[in-house]
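Shared between the two complexes below is chain A, which has chain B as its partner in the first and chain C in the second.
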Partner chain A sequence: MTDTLLALLHMCLFPGGVFALAVGFFFKGLDRRVEARLQSRVGPPLVQPWIDIAKLLTKETLIPKTACRQAFLMAPVLGFTGMAVCAAFIPVPGVFNGLFNMGDLLVLFYLLPIPAMAIMVGGSASSSPFGAMGFSREMSLMLAYETPLLMILLTVAMLVGKGLTGGAWGAEFSLLKIVAYQQQTGSFGLNPVMIPALLAYLIFLPGTMGVAPFDIPEAETEIIEGPLLEYGGPLLALFQVTSALKTFVVLGLGVALFFPGTVSDLWLVNLGWFLLKTLALMLLSLTLVKSASGRMRIDQAFRFYVTVPCALALCSLLLVWFV
Partner chain B sequence: MKADTTIETTVTGPRTFSMPLGPVHVALEEPVYFHLEVEGETVRKVTLTSGHVHRGMEALAAQRNLIKNVTLTERVCSLCSNSHSFTYCMAVENVLGISIPMRARYLRTMSEEIKRVASHLFNTAIQAHIIGYKSLFMHTMEVREIMQDVKETVYGNRMNISSNCIGGVKCDLTPELFKYILGALDKVEPLVDELREIYATNPLVLGRTKGIGMFPKEDALRLGIVGPVARGSGICKDVRKDSPYAAYPLVDFKVVVKDGACCHTRTQLRFDEIFESISIIRQCCRDTPDGPLVAPMNEIRVAEAVARTEAPRGEVFYYIRTDGTDVPARLKWRVPSYMNWEALPVMMKNCNVADVALITNTIDPCVSCTER
Partner chain C sequence: MSIDHLLKKLSVRSPWLFRINAGSCNGCDVELATTACIPRYDVERFGCRYCGSPRHADVVLITGPVTTKVRDRVLTVWNEIPEPKVTVAVGICPISGGVFRDSYSIDGPLDRLIPIDVNVPGCPPRPQAILEAVVLARSIWMKKLGLEG
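Presenting the complex of A and B:
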């Protein structure tokens, strides 16, 4: 009973729920601000994502007559639930060890595509041709970027498994052990064998977050936000909340997989250090990349994902396997 | 206005679904409606419908006197506003038999070329916007801002510069202003060069534009395409050379022609034209003679006349008929987008949905000009 309560608390307050949302929105605001500065604009205030949500919550919910009502309403809830659970799995090194300590990497891999699926469900339920177009694009893109992610997770798990069993075959899918192993032997992000996997993860980030050059499913100038076109009011706000949570999840996962080092015994310092690392990861892989690139076509993006990051991740996987 | 230009490339069946693009769409600067029959991501059939911004300007022109019509024609469109008042004034001068002073000829050439530089930069910026390259869009617009500043400083307005009047020009340029323009050109030239390099070499831009929207020379000849679209398909056609007007016979420039016939070529061609325009403005700054700005009006006779100029988008053609009063009996104009519109179905044959807006942008459509 206490375990369930504790788990709920973790999902609602820290690291999921309120904390993840605050971090996600803060990062989103910062991202917009930095991008604006890179384009010689002033940019919106840091609290703009909160203001957007507040505004959307005051608006009425419109559902297209031809839409599939239940699916249309449930899609944002589905995405939000997936990410809200996901956020509780993210370990904050030196502060929080993650919700479950067995095989949670695998659970994360299954939960991560849920927001993309929510967008697909919502898009196809909206009965708009742009939603259908966005659906097919989102699906192709998801297939393309999930492959390198699987290889990256496997590489990390195998490296830890090998280390823990003293060179024998094995894979360790517990984030707690992955983090603890790295804290003892050094971050994987600094391990030459893992550098290709880290690069592949950096390339995976803009794809999963749907920012340029991979903002194809929601391409504004092509299919006018695609699946999100028919959404407005609280439902759209829920999509934005999901996106903020996802920002926290994928960045936090990146830190856990590659840079889980701590700098002090004080939890507050460690928390700050964790946030700094996630922020650096975001600026590097999302903000800079999107300010320096245009949108690819879906066929180009698909080809890119099944070649470059896949090759990088495979490279690390083979190195871990044989060396 | 042409309604419903349709192409059918393959048999449409149950595998296709229809997708509306416009009349109000993020990637379109002006309202026009594309009805797409889409199979997966491939466009199988395009139906263009226009007529959303018809304002009845030709009828309006037949109710106002010749001088008021200068203001009216300037408002046909914002990006080539100067070309309209310019060509209208030329038509009126032809019908009245006025020969404009040399200084006015040079100043008209200058204003036209300043507008051309700004217009071409705008078009290339929108291309960056359409392919989602926001930083490049901002960068290009920043460079264009220098030309906007020139317009504002010299003519007092950023878009409708209102520099032409019947018989000459309204606004005189002092030696300081000439110096200022030369300074601005020195500032803008290396920046445009840098931009051209980015559009020519950036792999993302190239990946999206090269080989997209192919428009063979035969089709361009068959459809009577004008302006940069024709020149991008290897047709040497430029009113400034073919029937020189204003100070164009007196300045040295070459017509840029390219053979690539794709979106990338048309963008590069616009950049090359910007350099030619900069050279023309420099020559005008150097050679403009002293003298009067306006020639006196002649008596209005019963007559008709035409005039044509090269606007940033291609040939603008004006026809005027007077009946002896100060109100024209008929004023009719044909704009380049009217001709270039026909290129779209050819360019969009079996293209990707993602490229529809991109292709539309490379003909630099001016919907409000076309529908007026």
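Presenting the complex of A and C:
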């Protein structure tokens, strides 16, 4: 009973819920600001994502007559719930170990595609042809970027499994042990064997976050925001909240997999260090790429994801397997 | 101050822009898309964002003299935009018909069809004028929300 209560508390306050939301929205604001600075503009204020949410809450909600009402209303809730649970599994090294007694890397792998699925359900329930087009694009893209992600997770798990059993064949999917192992033997991000996997993870990030050059399912100039076309007001706000939570989750997972080192025994310092690392990861893989690139076609993006990151991840996987 | 009041007060700092081309020659559209707003004069610093869907829009920028063919489509899209919305006519064409005013194929000016809140004359208008119109649209939006501008 107390376990359940504690888990709920972690989902609502730290590291999920309030904390993840605050970090996600701060990063989103910073992302827009940095992108503007890179293009020699001024950019919006840092609190802009919060203001957008406030604005969306005051707007009216319109539901299309031909839409499937229940699915249309439930889709954003589904995505939000998935990510809210997911955020509690993210370990903050030196501060919080994640809900390790409730799930591991594989649970996270199953929870991660939920926002994309919510967008697909919402898009197809909206009865708009653009929603259907966005649905098919989201699905192809998801299939393409989930493959390298699975290989990256497997690589990390196998390296830890080998280390813990002293060279024997095995895989360790517990995030707690993955973080602890790296804190003893050094971060995987600095291990030459793991560099291809790290690169593959950096390429995976813009795809899963749906930013340029992989913002194909919600392309506003081609298919007028696709699945999100018919959403407005509070429902759209919920999609934005989900996206902010997802930013925290995928960046936090990246830090846990590749850079979970700590710098001191003080939890406050460790928290700051964690935020710095996630921020660096975001600027490198999302903001820089986004502000310098246009949008790919869906077939180009699909081909890119099943070749480049897959090859990189496979490279690391084979190295870990045989060396 | 109630939460509702606070949300309304914050909301005018996030005007999302939506463009409707009502048979424009593209001069004003180029000003909107490439020089005035995003890349050079940066309308994003007011919290603006171009949105692709009329459902997300707050401020509607309409260019062009409203040709007969496009009239019903403009009205359809305009009616899809949720309230409260502010309508801005960009360029001389939607205001008076401009150089096309005596043409057989024009159904304008625009304010015969839908209520216009801000007019931005010019052929095309200067970027600064468009930015001023967006700022003006914000204060009109505040009045529509029942707050003093």
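Here is the rule we use: the second predicted complex is superposed on the first by the 320 of 323 C-alpha atoms of A that agree within 3 Å, B and C clash if a C-alpha of one lies under 4 Å from a C-alpha of the other, contacts with A are read in each partner's own complex, and residues count from 1 in each chain.
As a working rule, a contact is a pair of C-beta atoms (placed from the backbone, for glycine too) under 8 Å apart; a residue touches a chain by one contact, two chains touch by 3 or more.
Owing to the predicted nature of the structure, the values given are computational and were not obtained by experimental measurement.
Once the two complexes are overlaid through chain A, chain B and chain C clash, as defined at the top of the document. Of the two partner chains placed around the shared chain by superposition, chain B is the only one that A:S293 touches, whereas chain C remains out of contact. Once the two complexes are laid over each other on the shared chain, residue contacts for A:S136 go to chain B alone; chain C is not touched. By the touch criterion stated above, A:L236 is placed in contact with chain C alone, chain B being left untouched.
Of the two partner chains placed around the shared chain by superposition, chain C is the only one that A:L228 touches, whereas chain B remains out of contact. Look at A:N97: by the touch rule set out above, it reaches neither chain B nor chain C. By the touch criterion stated above, A:T81 is placed in contact with neither chain B nor chain C.
Looking at the shared chain after the overlay, A:T262 reaches neither chain B nor chain C. Legend: residue contacts after superposition of the two complexes on their common chain; A:L57 is shown touching chain C, with no touch to chain B.
Judged by the touch definition given at the top, the superposed model places A:Q39 against both chain B and chain C. Only one of the stretches 96-104, 114-122 or 132-140 in chain C has C-alpha atoms clashing with chain B after the fit on chain A, and that stretch is 96-104.
The residues of chain A shared by its contacts with chain B and with chain C are 39, 41, 219-221, 224.
Residue ranges on chain B touching chain A, taken from their complex, read 17-20, 25-27, 38, 40-41, 128-136, 138-139, 142, 202, 204-205, 207-208, 352-357. Remark: chain A residues 32, 36, 39, 41-45, 48, 50-52, 54-55, 57-62, 219-221, 224-225, 228-233, 236 touch chain C in the complex. Interface residues of chain A facing chain B in the complex, by the touch rule stated above, are 35, 38-41, 129-130, 132-133, 136-137, 212-213, 215-216, 219-224, 291-300.
Taken in their complex, chain C has these residues touching chain A: 4, 6-8, 10-14, 16, 38-40, 42, 44-47, 49-53, 55-56, 58, 80, 82-83, 145.
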